[in-house]
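What follows is a pair of complexes built around chain A, which joins chain B in one and chain C in the other.
Up next, the complex of A and B:
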């Protein structure tokens, strides 16, 4: 989850998010360089006593400021397209999870196991234990195995929602009548928080998502325990 | 029209990179659109002979323009035939 007053991206928990963070740093550095160059040139132009009033024939500089921005744009576009195609890849998922948005909670179904499904409501503030996060905790966390490719099928039962977990680089719209597919994979165990990202009514800000990634053996124990109950 | 453009280019050679980049970008966009129209299995041109090409996907064909990690020629078909 985000630290207080955090401006940057959250720490990556999946390989895709690492790529996104690296690309973001690359593009942001280019933006900072161009902006500081432009600001410096503006300050030079505003503080000079020299003037030039005749039309200039400036072929060389025109060539430079056509070719250089084109090169910069290509340098931004190629990694961007690579990541775009990478996020679209699906490599033999180990598990399939259905995340269905409702007003105003998420329900999860693990159809690979028989009858494993539950709803995930927000934990109201007056029920929180010390140390828990306001507006981010849920009653039933979505438990998943780490280091496994998981296919998440996202849909909605009423209005538009969006299933987003920033640490894993996932944000996929939940559209009624449509199944959207996203791949989720975490490299380490932990809790990853997200919030509904498409306006869906009065409690749109109060339907968070908590993914709990645990070791593989513990996940099998959890799934069998819920299945029996 | 073209002669007029050549005259301008001779007087202002800095127009050459402009034409090159805009031409490459426009040509690239057109070629990609053509590729999508002709090779994308979601597109149906011939309703009589090939009405639903999205039902005839092979496990080893790559339909995307660029594949980063997945080598489609090495995949195996794991589903039953209809």
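Up next, the complex of A and C:
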């Protein structure tokens, strides 16, 4: 999750998020260089005594400031499209999880297991244990196996919501009457936090998502335990 | 995740950002590229001035040199960084598979079984 007052991206927990961070660094470096150039040109404009009021044509400069931005845009677009198509790759998933948005909680269904479904409400502040995070903890975490491709089918029961987990690089709209698909895979065990990302009413800020990635064998134990319960 | 600071631990300072946007401390290759760019800018600008004694044009050459050297170092460093990450991933996977060698979880054995059945 984010540190207090964090502005940058969270640490990557999935390969897609690693790629997104690398692309972000690439785009940021280009932005930094363009900004430096523009700052320098502004300082030149403000400090020159030279004026030229009868320019009729300037073929060379026009060529430069057309071709150069086009090349810069291509340098940005190619990695961007590569990642875009990468996020749309769907390998054979190990597990399918349905995440359904409600006002104002998420419900999860593990269709591969019979009768495995639960609701995930925000943990009220007065119920938090020391060390837990305000407005981010839930009563039932979504437990998933790590290092496995997981297909998440996202929809909504009522209004628009959005299922987002920044560390995994996933944000998908939950639209009533529509099923959206996202692939999620974590490289390591841990807790990954997210929040609803589409305005959905008064408690839009109070329907968090917590994914708990654990080892395969522990996940099988957890799933069988829920069956018994 | 936000770590709780111990009482005697100094507070973490905010990372330094060039022009307020480029976090040179945490972005891989950013610091090296920027430092090389600054060096290239000084060399190009000062060298041009020594040759021509024209201040304004030398400043332009310096800025141009900064942009070109930074960009060149950036792409070179990121390319090597990406190759290194891929190699690390392959090594990590290889180490993990080594643990399973000879067992029923060995991916090599599964692949061989699949090929022989085909």
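Here are a few things to note about the model shown:
Note that the second predicted complex is superposed on the first by the 227 of 229 C-alpha atoms of A that agree within 3 Å, B and C clash if a C-alpha of one lies under 4 Å from a C-alpha of the other, contacts with A are read in each partner's own complex, and residues count from 1 in each chain.
The definition used in the following text is that a residue touches a chain if its C-beta (ideal position, glycine included) is under 8 Å from a C-beta of that chain, and two chains touch if they have at least 3 such contacts.
This is a predicted model, so every value here is computed, not measured.
When both complexes are superposed on chain A, chain B and chain C end up sitting side by side without clashing.
Seen from the C-alpha centre of chain A, the directions to the centres of chain B and chain C diverge by 90°, a value given as a multiple of 10 for the model superposed on chain A.
When the two complexes are overlaid on their common chain A, residue A:85 makes contact with chain B while staying clear of chain C.
When the two complexes are overlaid on their common chain A, residue A:8 makes contact with chain C while staying clear of chain B. Considering which of chain B and chain C touches more of chain A, the answer is C.
Of the two partner chains, chain C is the only one that A:29 touches; chain B does not reach it. When both complexes are overlaid on chain A, the residue A:40 reaches chain C alone and has no touch with chain B. Within the superposed three-chain model, A:62 lies in touch with chain B and out of touch with chain C [touch as defined at top].
No C-alpha atom of chain B lies closer than 12 Å to any C-alpha atom of chain C in the overlay. Of all the residues in chain A, the ones that touch chain B in their complex are 58-60, 62-63, 66-67, 70, 81-82, 85-86, 88-89, 91. For chain C in complex with chain A, the residues that touch the partner chain are 1-2, 4, 18-19, 21-23, 26-30, 33, 63, 66-67, 70-71, 74, 78, 82, 85. On the chain A side of its complex with chain C, the touching residues are 1-4, 8, 18, 22, 25-26, 28-29, 31-33, 35-37, 39-40, 131. Residues 12-14, 16-18, 21, 64-70 of chain B touch chain A in their complex.
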